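Quick one: the structure is below, questions incoming.
Just so it is clear, A, B, C and D label the chains in written order, and each chain counts residues from 1 on its own.
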Amino acid sequence: MNWLLDYVRPKLSVAKTEKDVPDNLWDKCPQCDAMIYGQELAKNLYVCPHCGYHMYLRPRKRFRMLFDDEEYSYLEAPKVKEDPLNFKDTKDYRSKLKSAREKTKFDDAFVAAFGKMGGHGVVIGVMNFNFIGGSMGLAVGEGIVQAAQFAVERKVPLILVTASGGARMQEGILSLMQMARTTLAVKQLKDNHLPYIAVLTNPTTGGVSASFAMLGDITIAEPDALIAFAGARVIKETIKADLPAGFQKAEYLKKHGMVDMIVNRHDLREKLITLLNLLGNTYTKGE
Amino acid sequence: MNWLLDYVRPKLSVAKTEKDVPDNLWDKCPQCDAMIYGQELAKNLYVCPHCGYHMYLRPRKRFRMLFDDEEYSYLEAPKVKEDPLNFKDTKDYRSKLKSAREKTKFDDAFVAAFGKMGGHGVVIGVMNFNFIGGSMGLAVGEGIVQAAQFAVERKVPLILVTASGGARMQEGILSLMQMARTTLAVKQLKDNHLPYIAVLTNPTTGGVSASFAMLGDITIAEPDALIAFAGARVIKETIKADLPAGFQKAEYLKKHGMVDMIVNRHDLREKLITLLNLLGNTYTKGE
Amino acid sequence: MADKTIYLDFEEPIYKLDTKIQELKSCCDDKLAKDFNKEIANLEKKTQKLLEETYTKLTPWQKVCVARHANRPHSIDYINALIENFMPLAGDKLFGEDEAIVGGLGFFNGQAVMVIGQEKGHDLESRIRHGFGMPKPEGYRKAKRLMELANHFNIPIISLVDTAGAFPGIEGEERGQAEAIASCIMEGFKMEVPYIAVVIGEGGSGGAIALATANRILMLEHSIYSVISPEGCASILWRDGSAVKKAATALHLTAQDLHKFGVVDEIIREPLGGAHRFRDETVKHAGDVIWKHLTELKKLSPADLAKDREEKFLAMSRIA
Amino acid sequence: MADKTIYLDFEEPIYKLDTKIQELKSCCDDKLAKDFNKEIANLEKKTQKLLEETYTKLTPWQKVCVARHANRPHSIDYINALIENFMPLAGDKLFGEDEAIVGGLGFFNGQAVMVIGQEKGHDLESRIRHGFGMPKPEGYRKAKRLMELANHFNIPIISLVDTAGAFPGIEGEERGQAEAIASCIMEGFKMEVPYIAVVIGEGGSGGAIALATANRILMLEHSIYSVISPEGCASILWRDGSAVKKAATALHLTAQDLHKFGVVDEIIREPLGGAHRFRDETVKHAGDVIWKHLTELKKLSPADLAKDREEKFLAMSRIA
C-alpha cells in the first residue's frame, strides 16, 4: 500500500480554499448570458439560477458537495513519469503542465478522496477540466487505478465524476493505454462486486467516454452535459451534413440507452446516497 | 435414462423409405415455377436446380444428408400428455394430431437422432414442418429438452434444424412454456461448454425463433429462409405500410447481425463438420 | 390515474345501479339526502350482490376484458404503492431506452429489489410514451441488463407482466426481437437471486414469458396469460375474428386454468369487482403475497435459486 | 489484390530505377535482352541499396505512409495465408453485421483459433463494403461476441489491428460507439484464453485498443499505433494541418518507439522495402512470430492468462 492519507477536514469557507477564483466577481452564464454574482453561483453549486445550466464544478467544491459534513481525505496523487515523450508542439508540454499546476493547485487532472456519504465509506474521484482540458494521461490513469485499488481494499464503492476532452495526446501511446488501465480499474470493482457509479459531467468525450466513463454499474449524467466519443466537428466534416438537435447531450444519450438517469446537481448527493443504500443493502446470501 | 435407441441403418433408397412422397412425380418450384422431376429434386437435396430455391427437406432426408454414411439412430420420442387443453376449434385437435401422424409417420413435429458427423458423435434434431406447421407444443419442447440432455450425457454437440410456424396454440400456455424449456435445453449445452449450432430453415417464426433458434453458439441459415418473430401480415396491418424488400429473409437477418452464415444446403454437411472440428479441437487447458 | 370508472360491456347492470346511486347522492340538497339514505343503502347492497355474481363467474372472455381494463393498476401503480425510494434506471446500453419497460431499484419492505415491469400507460400521452406496453428489442435488452445488475449485487428481482405482446413492427424485427426475447428468457435462468414474476394484467405470449422465467409465477385473479391473443387465435383457427369468446375459452388463459396446469404458483385474489375498482387494496394485497414468496425464496442459496428455477420449468410440461 | 506497385512520395528514386529496369526487361527482344542483363543486374543492385537506405531510415511520417500503404497486406490477406478452413462469422446478434471487422474460426498450424481483424478493403468496392476499416458500434460488439465465443470454447484469439479509428458519424454516436469500445476493451481482459494482438498497419486510437487488450502485442516493423492521427494532432496542437510530419515525430507512434515504452512485446520484421513490396514473406514471417508467442501462451492456465494480461497493463505506465 502506497497510500498516504492527507486529512484536510476542509471546514473552511468556499472563499478561503478557492483563492484562485474569488467569489466576489460576476460570472456570465454560457447558456442564457445572465450575469451572476460569484457568491450566489457558489451557493447554487454553479448551476445558473436563471436557466439551470450546469457550469463546471471544481474538484474541491464537488467533494464538499458530496461527502458527509464536507469531510474527506485526499488520496495521495500517484507518482508517474513526467512528460514521457519529451513532447513539444508550439510550446513544450512541461511548461503546459507547470502552468496547469499553478492554475489549479493540483498535480494533474484527476484527484480522488475518501470519505463518507450517507454513512457509507466511499471513494470519489473527480476529473479536473481546468487541468489541460481534463485530459487523461499517465497521472489520470494511474490515479484511477489507485483509487479503484483503494476502494477494493477498503471494500467500499467507487464514484467517478468525469469531465474530460479525452486522451492527453502529449503523452502519446501511453495516454491511449490509460483506456485499458482505467477499464481494468473498473474491473477490479466488478470482480469484487463493489458498486462503481459513473457521474458524467460536461464535457465527457473521446478516450474517457470510451473507457471507464461508459462502464458504470449505474450511469448518471448532469443535465445537458456533452457526452461523446467523436467530436461533433469531426463528424460534421466527415458526413458533410448538419447534426441533429441535442446531439451528444445527456438527454440524447439517455434516449439512446446509454445513461440511466439525468440528475440535477442539487439532487446528486441524495440520489447517490439512495443508490449506495440500495446497492449496499443486499440480503444475506443463503447459507 | 429413458432412451431407447432404435437403430435404423437407413441404407435404403430414398424412394423406399419415403413412400409418402413418390419421387417419380413432377414438382413445381415455388420460386421459379420450373417443373422438376422428383428423382432429380431428391438427388439435388430438394434445391431447385434452376433457381437454387431451397424447398422443405423432410427429417429423414435431412438426417441422411448430414450423418456420416447416412447412419444414425433415432432418439425415442418423449411421452407427453396429449391434447392437454381438450382443444377444439372448427375441428378437434386430437383429429388434427392423428392425421398429421398418418401423413408424416412421426409422432410430432420434432425428431432427434444420434450419429456421427465427420467422425464426431453428434445429436441432430429436426423440426417437421409437415406436422401441423412444425409448431411447438409439449412434444417438441420435451423432445428438444431430451435431445439436449442426451447430448450432454454423451458429451457431444447438438445441432437443431428448425422449421416452424411458432407455438402450437392448441396446447395453450403449455406450448408457450416450451420457449422457456427449450431455452433451458440450450443452457444445458452452454453450461457444459458443448457446442450448440442452430440451422434455421424456411420458415422459422414466432416462439421458435424467439427461443432456442436464436441462441446458437453459431447460427446458420439456409438461403432465402424466412426467419421472423412477428408475421409479416401482422406487421403490415399494424404499421399500415409496405415492408422492405427481402424483409425477414435469411440475408436480411445476416445483414442485421442475427445470423453468422448463410449456407447452401449442398455445403451444409461440410461446413458443419468444419465447425465441429474447430469447436472440438480446443487446445488443452493449462495444467 | 383515471378518475372515472370505465364500465365493461357486461357491467351494464352495475353501471345502471351506480349511476342511480350517484344521482341520488348528488342531485339533491342535504335535507333531502337524508330521505334517500335508505334507498341508497339498498341500491348499494344490490350493486354489491351484482358485483359478486358477475365477478365470481367471469367467463374467460370477460376476464380478458377485465385484464385489459384501462383502470386496472399498472406496473407504475405497483411501484408507487409498494416501492420506496424507487430509482428508475434507463436504457439497454446498446441502442435505446424503451419505456414500455419500466425498471429500477427500490426498497420493498426495507429490502432492496429490482423491479422490472411492462407498462401500458393510462392516457393517450403516456400510452404513446410507453409504447402501449409492447416492448421493442431494446426494452427486453434493458430488462436483461437490469437482471444482470440485480444478480451482480445480489438483489432480488420482481417482474410485473402486463403486455399484449412484443411490438410487431419493422424496427422490432430489424433489431432482433426474437433474439432479444430469447436472451431475456435465458438471462432469467441465469439469476442466482430470488426472481418473482407477477402477471398483473395481460400476459401476452413471447413478450410476457421473456419476463417470467422466474422462481415463482403469481397471477392476479382476473389476469390472463396466453400463447396467443384470443383475437389472433380466432382469426387463425376459426378464420373469424369475432370468434374471440370461443377462442378465449379454448385457450385456457385464466389464472385459474394456469394454476391447474401448474404453470402458476399462486393466484392473487382481487376484491370483488376487480382490481380496477379497488386499486389500492389490490396492490396492497399483491404486495403481501409477493413479500411472502420473497421471504421464502430468500432462504435459498444462490445456486439453489437457479436450480429451483430450472427444475420448476423442466418439470412443467412433464405433468401427465 | 493490387497488381501494380504503388510508390510513395519518398520512393521517387526507387520508382525511377524500377521503371528503367522494367523498360529494359520488356522493351527489347530476347537477343538484345542478353546484352542488357548486366545493366539490369546493376540497376537491381542499386534498387536494393536504395531500398535499404530508405527503409532502414524511415522517418515517423514515412512510416505512417508505409503503414497506410494500399498494397500492404490486410487482415484478409493474413487470414487467407495463415488460416486453414476459415469460417467467417457475422453479426453482433444485436443490430447488424459490420464488415469493418472480419472474424471467424479457423486452423492456424492445426490449432483452432478465433481471428478478429479490422479490414480496410483493397479497392473502392471492397473499401466501401468494409467501411474503410472504421468499425461502427456493431463491429466492436461483433468482436466482443466472437471473443466470448472463443473464450467459451477455449479457443485462442488473434486480433489484427488496422484502422484509422472508429467510424466518426452520427450512427456511431447514436448507437454508443463509446460504450462499444469500452466494453470491447473490458471483454479482452475477461478472456481466459491466449489473446495476441498484432498491429499490422495503422493502429488508430480507441478503435485500435478495443482489439488490443491482449497478452501479447506485436507490431509490424513499419506499422504505427497512436493515440491520435498525426493529422488530428497537427490540427489541434499546431493549428496547422500540414504540420503532420512534426506531429508524427512528436507522437512517438512507431513500432520502435512503442517497443521502447514497453507497450509492444515484439516487432515483426518486414523485408527491406516494406510489407507492401513483399506481401507473402511478410505474412509468412508474421505467422511464425505469432505462432511462437501462441505456443508460449498455451502453457499458461486460463486463470494465469487473465492475470498475465491484467498485470501487463497495470505495470505498463508505471515505467519510470
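Methods note: a contact is a pair of C-beta atoms (placed from the backbone, for glycine too) under 8 Å apart; a residue touches a chain by one contact, two chains touch by 3 or more.
None of these values were measured; they are calculated from a predicted model.
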| item | value |
| --- | --- |
| Third chains touching both chain B and chain A | C, D |
| Chain pair with more C-beta contacts, B-C versus B-D | B-C |
| Chain whose Cα centroid lies at the greatest distance from that of chain A | B |
| Chain centre separation (chain B, chain D; CA means) in Å | 41 |
| Distance between chain centroids, defined by C-alpha means - chain A, chain D (Å) | 34 |
| Centre distance in Å when chain C and chain D are each reduced to the mean of their C-alpha atoms | 54 |
| Junction residues of chain C - those touching two or more other chains | 93-95, 175-176, 179 |
| Per-residue overlap in chain A, given as positions that touch at least 2 other chains | 214, 256-258 |
| All pairs of touching chains, each written as two labels joined by a dash | A-C, A-D, B-C, B-D, C-D |
| Chain C - residues contacting chain B, complex | 166, 168-170, 172-179, 181-183, 185-186, 189-190, 205-206, 208-210, 212-213, 225-228, 232-233, 236-238, 246-247, 250-253, 257-258, 261, 263, 310, 313-314, 316-320 |
| Chain C-touching residues of chain B, taken from the complex the two chains share | 79-81, 84-85, 87-90, 138, 141-142, 145, 167, 169-181, 183-184, 186-187, 206-207, 209-215, 227-231, 234-235, 238-239, 243-244, 247-248, 256-258 |
| Partner chain C, residues of chain D touching it in the complex | 93-95, 141, 175-176, 179 |
| Chain B contact footprint on chain D (complex, rising order) | 85, 87-97, 105-107, 110-112, 138, 142, 149, 152-156, 298-302, 304-305 |
| Interface residues, chain A side, partner chain C - complex | 190, 193, 195, 214, 217-219, 254-261, 271, 274-275, 277-279, 281-283, 285-287 |
